[in-house]
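Which chain is which? They are A, B, C, D and E, in the order written, and residues in each are numbered from 1.
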Amino acid sequence: MFAGIAHNLTIYLAMSTVFFVFGLFTILTRRNAVGVFMGVELVLNAAAINFVAFYALKADSAQSSPWLDGQIFSLFIIVLAAIEAAVALAIVLRVFGAKKNIDPDQVMELRG
Amino acid sequence: MLQEFANALSFIVLAAVLPVGILFVSKFLRPSYPYSGKLATYECGEDPVGSAFVMFNNRFYLVAIVFLVFDVEVALLFPIMRLFREAAINGGALPIFLLAFGFLFVLLVGLIYEWKKGDIDWVRDAIERKQALREDAAFKHRFENVKDS
Amino acid sequence: MSFLDFFVVFCFLGGVVCSAVVALHPNILYAAVALIGSLLAVAGVYASLGADFLAAAQLIIYVGGVIVVILFAVMMSESIYKRRFLDGVKKMFLPTILSIALMLGMFKLLVSTNWGELRIPNYENTTIRIGQALTGPYALIFEYVAIVLLFGLIGAIVVARPNILKKDQDGGNS
Amino acid sequence: MSLAEFLSGLNDFIPPNVPFFVFSIAAAVIVILGFAMPIGGICTYIERKVAADFQERIGPNRVGPFGILQFFADGIKMFLKEDTATKNADMFIYNLAPGLVTAGALGAFAAIPFSKYVIGADLDIGIFYVMALASLVSLGILLGAWSSENKWSLLGGMRGAAQIVSYEIPLGIALLSVVVVSGQMSMIKIVDGQAWLGSGSFWYIFHNPFLFLNFFVYFVAALAECNRTPFDLPEAESELVSGFNTEFSGMRFGLYALAEFADVIMFACVAAAIFLGGWHLPFVNIENIHLGWSLAGKSLDPLIQTLFMILIFLGKASVIVFVVMWLRWTLPRLRVDQLMDLCWKYLIPIAFFNLVGASLWVWIFKGQSMIELISGMMGAG
Amino acid sequence: MMANDSLITLALLIPAFPLVAYLIQAFVGKRLPRMGDWVSVSAIFVSFICASIIFANMWSNFDPNWVVTAHWTWLDSGTAAHPFKLELGVRLDNLAAVMLFMVTLCATLIHLFSTGYMRDYDGKESDGYRYASFFAFLSLFTSAMLALVISDNLFTLFMFWEVMGLCSYLLIGFYRHKPSAANASIKAFMTTRIGDTLLFIGMLALFTQIGSFRFDDIYAAIEQGAFGGETLGFATATFIGFLIFCGTVGKSAQFPLQVWLPDAMEGPTPVSALIHAATMVAAGVYLIIRTFPLLELGGVLPLIAYVGAFTSLFAAILAIKQFDIKKVLAYSTLSQLGYMVLAVGVGAYTASFMHLITHAIFKACLFMASGAVIYAMHHEQDMRKMGDLRKRLPITYKAMLVATLAISGVPLFSGFVSKDAILVSALAYGGFEHPEHMFLPIAGFLTAGLTAFYMFRLMFMTFFGEAGDKKHVEHAHEVPWNMWLPLVVLAGLSLSVLFSGSVTGGLLGHGDFVLGGGNEWFVKLIKAPVVKVDEHFEHLLHQAHLPGMIASVVLATLGIVFSWLVYKSKTIPAEKLAKLWPNFVHKAIDNLYYFDWLYKDVFIKRVFLPFSRLMARFDDLIIDRILVDGWKDVNAVVKTFIGKFDDTVIDEVLVDGVGGSVPQYLGASLRTLQNGKIQRYLMVAAVALLTIYLLIGVL
């Protein structure tokens, strides 16, 4: 049963599922914007795992493109997560400085 | 290549296990006679005052943000720059050059912006005050205009 | 069970445990530390799928960059750390049910599908191929990323910049 | 070829059918336990000796001849010393942090090419791997500082993290310029490219003026990465008691100290490998030395070559380590604002400029080095 | 004649130039000499040249069915069975070519005008960059408008439609230090949003029916009998047509969403000229002209006609009592837009488009002339303070006079031609064919008279009589060349010869050289696609032609004469005229028929907010307390039954329930519905995901 476990998509997808669900749970239950942000990171990583794993499913076969698309997508996910971290946490700090509170539910003055 | 990954992994695992192991082993060898003076937070001999978590200068944070962006940039440039030598020798270096340095240039614009705005200066007070005065003057100026019209 | 299988299972378990800690630990700093673990597990999965460059990039950008920024954000103020970090038990009710249902549903989907054999390629030159992709079909996106980075940088700085002006005006008015 | 493969190739001396991961673990044990940690320890002794020489003192001279066993005594002392933690300390992270620093510093040794055959892991992304592992250090420092709940620690940790992450940028760009010139990211291949007029050129530091400058950028950035003087702000003892490791004692402090030296050695080795030609010497190629000795029917040449290579490589690295120690007693510490200015306003623009320059050089001269160009001109003349 | 490919390239270049100018202006504008206004002006001028080339091509073809299209796949997803394809495309036909020419012409002249008008805004250091950003916004707007005109599908049209909405918002609020301007910009944005949302729904509904956003596909589908036959199909077409028309109602400020346009006059005058008179508001009309076959099929045309007729009459009445020179023009714009919509409604496709073009030209002229007056009067907009400016601003006066004659529908001016066509069609439709729709021609003719009246009122109050504010009037002098030149050009274009085509057509070799119309190049070139010619209606048109023309001329003359009597010779004092009407009429007009009050105080305060409060309470009480907290509260409820019932209800539900006092509770509960709790949003999304999964799993 365990043989070839690394050569089956299931474990990667299971990992991605777990990351996604825990990330979602984190986002839903944290009362702290930084915590919510961590949940977002988990969800993003779940997506990235899927990209790489599904690319490996077809890697170097006739159906795959020669450009390592899955890895490139994951690379861009990492990059965007970094930018997102910078901007999101800047906002968190700014809000914190202004309101001494970063519960996303309590900070609603900015709505249009 | 996976074999090499395994080699690297064994290094990482060993490097991670080693400190744990050392601490674990030394735990049995070292003496432990704690008392409250020993366990107090060191504050130059005085009794510790307040919490250690005072509000920090968020310039640290600004530096971290700028770092993050440039870190991404460096990481993304590696695979592209790796192609450069071969392309330079065999031809076709121009697109790579333009791509990579277009990328670089765009981020340098960001760096220059930070530089001009004084965000990478550790001591910002002087700059900020000057800026504040200028903006204040502009604000007043505009305000007076409104009154006129 | 080959060495690779063992490693992947190890990463899986590590990732699950760490992400659970991220989701459930009431102390935000522990959650951040657990997030390091999760990200390392993901990097391990990348490596075992033959994506060495990606694994290293995950380490450099995520662990070396994002986590540092998160830690700074956490430590920047004691109140973030001391504040109650999780919702009360009451409010966790629905998300818990939801998450469990979602997870069960996805697992069912996962198990009931035949995914086929995975080919883990013995990539000799992932970096070169990523470089070719970035200079080839993804060139435009690559440049676009530069623009996004620039705007993210400027936006973040403008937002996070300490504002002395405001203090001065407040002081002057009061 | 990695060390593990090298070991598994010696199957005359070992029983067959040993799984491969045994060799790779053996390689790790050899490099880390057999090299990095002892050298890290010895470095403490050497540093004290060097300091004493600079200050016209004698330095440690009691334990063993010339006090050479001092590091051993120090190690035992640390190992056996009581290890207190403040009562507010967050014990889990408090224990984790030194481990993280050590893991980052020691794990990076996997990609150090001691010789053509002795390298932990001949990764395709060698340089990148080193950068990745080195970036763990800042985390360790930050977490360690936070967990000890001490104002000085936290201040030092913040400074340390900000400093380390900042200087990662010039460091990365300097490495990037080497990648541009060599067209490789594997450490072995980079070193191979520096053979004396062999497959390419000479040491990359002399490849072109831009790389020459970037070597110094790299050196300064690496100093800051290791928190060495003049960049030892995180532990500035005159300002912050002892900085991020104020509350650490016993073996936990020992791990920090070990990691610092391991970091210094690691960066010195990387510098030796990618800028100073690794095991290559001018005018000779070690790989062409054949003494013809053999043992049990097998030629000993590879072994001898390897020994030579390791010696040369370590010689170069130790010169750099010596310079690092020398600087400690020469330069005063920087202020925080000077530190940041140096990074963002000088090193990064300079490194970028050099990167562009190196690219243009490679493009215009088709990857030839200065020495090749000169010799080519002389040949043509 | 150019190859189709090069025409397409040219068409793509037209919006590209202003876009580049926008980028330059936005990023480096303030560092350029003269704040970079020349960048925008020259970019739009180049676009104008390109548009002229396309126009010349159209002219040389002179074929009503001339169409050049090109399209590229943008997004291709979905399966073979359920294709989903978004396409980008360019469609050049006579409509687009004329429209491009008009937009680029107006935009060029208005850009030029702005270099003078906005001049005093660049003097100060702090405001300097606003001058650059003004031109940046203008360029962005022009780019979006041009892209809208050339787009061959509803989707891109909608995209640029929204960009224009954004630009409108930015430019109305350009004097952002004035609260009124800021409010007006928000009002304009939010009001048009209602229409835009409905339009988007309509577009999507259309997409579900036809599977494409492209006009070609829509026309083809209609030709092949989509929506045909069954009642359901007809109802769908009606529904879609109605929703698409809602977009026009928002953008072209038709009743009942007209409230934003008068307020939009808070923007700088060139903006009013370009956006709120000449082009953007015309885009709404352009949309219904483009989708005319669909509207006809759905049978929404009568509704459109009534909305248009009502708006035109209603706005014309409002315009009479205005004293702000720009407000008068704003209401006249509303009124004229109503005309265009009326024309579409009665099926006069060509007349509507023709009025769109002529109106754009003379209204731009009028607005810029009023801008010149305002500029000369040092930003005084009240007509009562003006007067006797004829001698001081001779060129402006003459240009404005020409444009006023044009808008009043005096023969020999462009307005006459187009308005006449509309009125004749309305008469043929409402008077002859369907006598039950008699309101349409009556409203049209009444508006024609009123238009002449209030426009000449404006002229007389501004340029004749005695100066209201002597100090300002005496200092007024003619505006610089870059401001009067556009006026002169546009006034020249307001002459009827260019549109009736009897002259131009003859000169350029198309049609016969006969005075009296009938050979207008417009009529020949602009033909509704798909729709078949109705012989009977054509006949009625001929019948209506003479009476309609005479009636409109007579009414216009009456209006002018009456205006002369009241405001020039003052034979009839204005006060006496005003007293003729009962008080409530004045009150209604002064309060703009209570529309603002209705929207703000009734809809929002009395209906929407209580509703949202109710929903919030529902949310908090039912969903939060029962579903979420319910399992815990069961215990509490059991206890409370034993204890004091009242206390616990108030305590638990109202006070403790949200952890605050009642006002806080209300405030907090209001938020939950409106905005804010992102985590709840995500929760809803996750529940939806789960539901979808379960549905798929079960089904």
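The rule we apply is simple: contacts are C-beta pairs under 8 Å (C-beta built on N, C-alpha and C of every residue); 3 or more make two chains touch, one makes a residue touch a chain.
As the structure is a computational prediction, the values presented were derived from the model and not from experiment.
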{"item": "Least step count from chain A to chain C, where 1 means the two chains touch", "value": "1"}
{"item": "Far-end chain from chain D, centres as C-alpha averages", "value": "E"}
{"item": "Most remote chain, CA-based centroid, reference being chain C", "value": "E"}
{"item": "Winner on C-beta contact pairs when C-E is weighed against C-D", "value": "C-D"}
{"item": "Centre distance in Å when chain A and chain E are each reduced to the mean of their C-alpha atoms", "value": "43"}
{"item": "Where chain A and chain B are represented by their mean Cα positions, the distance between them in whole Å", "value": "21"}
{"item": "Rounded Å distance, chain B centre to chain C centre (Cα mean)", "value": "17"}
{"item": "Chain D residues counted as touching two or more neighbouring chains", "value": "20-21, 123-124, 128-129, 133, 154, 158, 161, 165, 168, 185"}
{"item": "Sites on chain A at which at least two other chains make contact", "value": "24, 28-29, 75, 79, 82-83, 85-86, 89-90, 93"}
{"item": "Sequence positions of chain E contacting 2 or more other chains", "value": "683, 686"}
{"item": "Residues of chain D that touch chain C when the two form their complex", "value": "19-21, 90, 92-93, 96, 123-125, 128-129, 131-133, 135-136, 138-139, 142-143, 146, 154, 158, 161, 165, 168, 185"}
{"item": "Chain C-touching residues of chain A, taken from the complex the two chains share", "value": "2-15, 17-26, 28-32, 34-35, 37-39, 41-42, 45, 48-49, 52-53, 56-57, 59-61, 66-69, 71-72, 74-76, 78-87, 89-94, 96, 100-103"}
{"item": "Residue ranges of chain B touching chain A (in the complex, touch as defined)", "value": "58, 61, 65, 68-69, 71-72, 76"}
{"item": "Residues of chain D that touch chain B when the two form their complex", "value": "2-5, 20-21, 24-25, 27-29, 31-33, 37, 79-88, 95, 98-99, 102-107, 109-111, 120-124, 127-129, 133, 148-154, 158-159, 161-162, 165-166, 168-169, 172-173, 176, 179-185, 241, 246-247, 250-252, 254-255, 336-337, 339-341, 344-345, 348-349, 352, 355-356, 359, 362-363, 366-367"}
{"item": "For the chain C and chain B complex, residues of the former touching the latter", "value": "3-4, 7, 47-48, 50, 52-53, 57, 60-61, 64-66, 68-69, 72-73, 75-78, 81, 120, 122-124, 127-128, 130-132, 134-135, 139, 142-143, 145-147, 149-150, 152-154, 156-157, 160-162, 164-165, 168-169"}
